[in-house]
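Below you'll find the structure, written out as structure tokens, and then a few comments.
Per-chain residue numbering starts at 1, and chain names A, B, C, D and E are given in the order in which the chains are listed.
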Amino acid sequence: KVNLIVFHAGSLTVPFEAAKKEFERLHPEIDVRLEPSGSVQAIRKVIDLKKPCDVVASADYSLIPKLMFPKFSNHVYAFARNELVLCYTNSSKYSNEINENNWYEILKKSNVKWGFSNPNLDPCGYRTLMALSLADFYYKKPIFESLLSNSNLSLAREQDGILITVPNSLKTNHHIFIRPKAVALLGLLESGTIDYAFEYKSVALQHKLKFVELPPEINLSSIKFKDFYSKVYVKLANGKLIKGKPIVYGITTVLGAPHPKEAKLWEDFIISGKGAEILRRNYQEPMYPPILIKK
Amino acid sequence: MFLEVNFKKKLSKFELSVSFEVEEKEYFFIFGRSGAGKSMTVKIITGIEKPDKGRIYLNGKDITNLPIEERRIAYISQTPSLFPHMNVLENLCFPFKVRGLKPKLREIEEISQHFGISEILQEIPSKISGGEAQRVAIVRALLSKPHLLILDEPLNQLDFFTKTSLIPFLKDLKEKTTVIHITHDPFEIKELSDRVIFLERGKVKFVGSFQNLLSEFNFSFPSL
Amino acid sequence: MFLEVNFKKKLSKFELSVSFEVEEKEYFFIFGRSGAGKSMTVKIITGIEKPDKGRIYLNGKDITNLPIEERRIAYISQTPSLFPHMNVLENLCFPFKVRGLKPKLREIEEISQHFGISEILQEIPSKISGGEAQRVAIVRALLSKPHLLILDEPLNQLDFFTKTSLIPFLKDLKEKTTVIHITHDPFEIKELSDRVIFLERGKVKFVGSFQNLLSEFNFSFPSL
Amino acid sequence: MRKRSYFKFLILTFSTLSFLFVILPILHLLFSLNTESFLKTLKDREVWNALFTTFEGATLSTILGVTLGVPVAYVLSQSYFKGRKFLEGLFDLPIVIPHAAVGIIFLELLNSKSLLGELLSKLGITFVDTIYGIVVVMCFVSISYIVASSLAGFESVNRELIWTARTLGASPFKVFRLIIFPLSIPFILRGAVLAFARAVSEMGALLIVAYYPKTIPILMYERFENYGLSSSTPIAALVTFLSLVIFSIVLSLPY
Amino acid sequence: MRKRSYFKFLILTFSTLSFLFVILPILHLLFSLNTESFLKTLKDREVWNALFTTFEGATLSTILGVTLGVPVAYVLSQSYFKGRKFLEGLFDLPIVIPHAAVGIIFLELLNSKSLLGELLSKLGITFVDTIYGIVVVMCFVSISYIVASSLAGFESVNRELIWTARTLGASPFKVFRLIIFPLSIPFILRGAVLAFARAVSEMGALLIVAYYPKTIPILMYERFENYGLSSSTPIAALVTFLSLVIFSIVLSLPY
């Protein structure tokens, strides 16, 4: 049997598990090994750690050209969309009060605990930072500073926007919890350790969590607000500068993959109509037909 | 009567059912084969083991349910139980220390002199011989001012020379305290006993003097 | 000469320096205090320990560097070393088994009868008494057809009754094999010995008969 | 009298706390379990595959551990040279090295760039993400238990017994086969069962050396990371239950 | 004669292999180390912070473990009831439960939804991502060593010695304080050092309960995941070196 190795964003775990089942049925000679991690981490495992890998699927398609072109990849398919939401459970504090307009007030409360993923490792993490600073503009209040006041993140207002700098070892308040990838917060949410977590909408739906929908101006879902989003930049600890833009997932086969033929099969399957249907069934908004970006 | 013993206890092979009395300042022997119930009998007297029924009286007082440390019955086993992390002197001070008393060094010196262990007071137990260790154990017991001193085969682990040399030392105890001495060796009884009981499979088969024991049972012991 | 022993070995407290001879079918005693070097002497003869210098000859053959199992010298320690996972019969078959021979059941039965252990052949060692165990150990040793049988304080752990009852059993060995018997107890020597050596701090102080030993050293032993 | 009961009270209080500390978490896990999700776990093929891989790895690692550990314990038990205690302690080393470091150590040693790794890869044996890697790592972290327990067994055999057997004509090999080994079997078994359990529990080093084929601790962690408690708790409960079974085996061994 | 040397040869071969299996990986790690990157690690603040957190956690966990484990070992050593072996074995349980399961168990038990978690959080004690969580988890996985070793110590004290002390007038408390405890100190110490080392090595359960404040095994794993071997190996070497120091302490203890 061929072991096809796929590194993918944690938020794709549920649809990819479903796709794996279908794919292995169609290709019984292939064994798909899914390895979820933060998207930055997934790419880094290929380019820095040189771990053998056939396909990479990232929660931010733009990471692939930025980090993998030209040595490790020569194309990327933008194949799915998502949006940022604030998840909670029935036992979260203030769960019956929270809504689109007061969520940032509730997160500010000293007895409320919340979490997001590590921006250095996971796009969901830097997107959370982007959303929080876009909220400054949208609600016209210093939301970012008030929520992350005790952290070692720095926020600079420049003439054409906002620059957030993430240090190497991120420190926050005691009531803000950070994990390497956003899905890793689910266990903390379930156990009641935290009350709220920033996740993708697809993840919230897949895990049947309650969530607050954020306004489209800040939830990074809409092509319409592309320019508004681009006011925010996040500078990661490795020096990469990332501009705010709509959440679009990308997939690519890795150059020099151990199993190039099977890698192509998986990529084609995910971007096919069948793949799109599986994504939709698992609450992940597909882009069909996908958009191809070449170097 | 000074000590009255009367109890029953179920053992694995038979029932131990013992009844006897000991007078004050008597040197009293319990004689019998190994496994006859000798050690269990004295463990019940000291309180280490509990009888199934029956009572023990010491000086007219029922001590059956008294904790071991409140009975004032000292116990010497065949392997001399010196505390290995204390030197000989510290071992001798132990009976004072546990009662919260200041050790009476004068008394300790005197009795050490008397029993021939004053030269080894600073030694640690592992550096002294088996005979010396058994002397120290007995002196330590005496310093706890026991009403009764129990010796469980005290000479058994010692060689013949040492055994012989300890006999006068044990004779000396007669004036100091009441003694119950367990043995399977008739020579010890001959040398030391006032009275002896003979225990067989948990029952007292004889009480009396050593001479009467010999004539009644007609034991054949080798002699030199 | 049947057995010639002549060696030196440095021990922690003194040097063991021993030289003596044993005749065939002799019942030979090594007498001395505990710590005199008796056990070390026989361990060197069996090959369990190595001497610093000197040689051991058995039947004229230098056995000093022979492995233990090729010397045909059987060794009985004071705690009877029966193999606890084998019953008595299996223990008796062991000397045959290790030499790759079929156990001679006829012979085993006969000797068991002779030494009074035929009733317990199916028992496991933990279920028999100390005296019985010591008999089995000796019978097992005899079945290995040893040139020499060494008994290291074989009666020491037994009570007086058992000890006395084993004396005839040991007397019986005289015809069967050459015996070296270690003890600190003069009664055993009196009953059994052809000759005896007296060992003190690693040196042989006397060789001869028991009567001569008594008269020469004027030991004071208690008697009944 | 007052001091005495005070001592008793204190000792018993702490003992009870200690007891609760060990048992409460486990009972909580087993009793707070959602039956439905537990049944779902029992039907999950991936769980069974991971369990199979884990038990395969642990079995092979225990066999390897016994093969390597028992002879060394025997040699140590028969030795009286000076460095003996040191060598003995050496086999405790794997216990004190952090599991992640164990993973890194073996990745460094056995990757195809190292001499040993290259040699073995020519024989078709690679370690990263293979059952070989799992077995080697599991064996490293668990061999201490086998060595320590076998050594205790071999040393529990009375030396006079051994000497006697020799004087009765038994060679050292025969003594080992007929006396020392049979008498030590309960100890060796106990060591093997503990080693097996330790092998099953390993996760840190495996995360680094052999993420695949997935063993049960890794699956459990992955489920926790990606789906949260509701998916990982039933697996934890299942594995804890199996551990309890192993543990009762240990207890029921004659020892 | 041939059979005999064959046995010897086999036994020695396996012993040597076993020895190499334990020592080679460690030596390889220490000798293949890049000096430059090692020096860089020594200057890395995050490494020192993690080391500090680890040692703080392990020290507190060892203190807690001794406080809870020594009394229970004493009670067990003085007990002769039927279930005793069972209770004794219970304290081996934490060894056989997979580390990831331990993490999940404690997250379930101590989260603020559970009764105990709620109670403690009212006292300001929470466990996830706090030193409390680190200490509790470390103590759970390491208490077995303290209980087992103290128990061995207490049982090594001759019963006749205890009886004699009682007949000389010592209460159970005085016997404990003056006889049993002083004679068992080497055993308790050994157990404490092993428990400390085991606590330092924990990673699986901490990944789940207390990712932060970062302990050294977690930092090592994170570095490995994100930066690869070149960043994690020097930390592994540093920690292995420190483990060797702990290990020599164990060895040098009188026992």
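Of note:
The definition used in the following text is that a residue touches a chain if its C-beta (ideal position, glycine included) is under 8 Å from a C-beta of that chain, and two chains touch if they have at least 3 such contacts.
Just so you know, these numbers come straight off a predicted model, no measurement behind them.
The chains in contact with chain C as well as with chain E are B, D. Counting only chains that touch, the fewest steps needed to get from chain B to chain D is 2.
Minimum number of contact steps separating chain A from chain B: 2. When chain centres are set by their Cα atoms, the one at the greatest distance from chain D is B. Across the assembly, the chain pair joined by the most C-beta contact pairs is D-E.
Note: the chain lying farthest from chain C is A, by mean C-alpha position.
With centres defined as mean CA coordinates, chain E is found 15 Å away from chain D. If you average the Cα atoms of chain A and of chain C, the two centres end up 85 Å apart.
Averaged C-alpha coordinates give centres for chain B and chain E that are 46 Å from one another. Chain B and chain C have Cα centroids lying 33 Å from one another. Across the assembly, chain D contributes residues 171, 224, 229, 232 that each touch 2 or more other chains.
Contact of a single residue of chain B with at least two other chains is seen at no position.
Along chain A, residues 187, 191 each make contact with two or more other chains. Taken together, the chains touch in the following pairs: A-D, A-E, B-C, B-E, C-D, D-E.
Note for the complex: chain D touches chain E at residues 3-4, 7-8, 10-12, 14-15, 17-19, 21-26, 28-29, 32, 67-69, 71-72, 74-75, 85-87, 89-109, 114, 139-140, 143, 147, 171-173, 176, 194, 197-198, 200-204, 207-208, 216-218, 220-221, 224, 229, 232-233, 235-236, 239-240, 243-244, 246-247, 250-251. Listing the residues of chain C that touch chain B in their complex gives 33-35, 129-130, 158-162, 164, 167, 184-187, 190-191, 214, 220-224. Residues of chain B touching chain E in their complex: 43, 46-48, 67-69, 71-77, 79, 81, 83-85, 94-95, 97-99, 137, 140-141, 144, 146. Taken together, the chain E residues at the contact with chain A in this complex read 46, 107-108, 111-113, 117, 126, 128-130, 208, 211-212, 222, 225-229. Partner chain D is touched in their complex by these residues of chain A: 3, 10, 13, 33, 35-36, 181, 183-184, 186-187, 189-191, 207.
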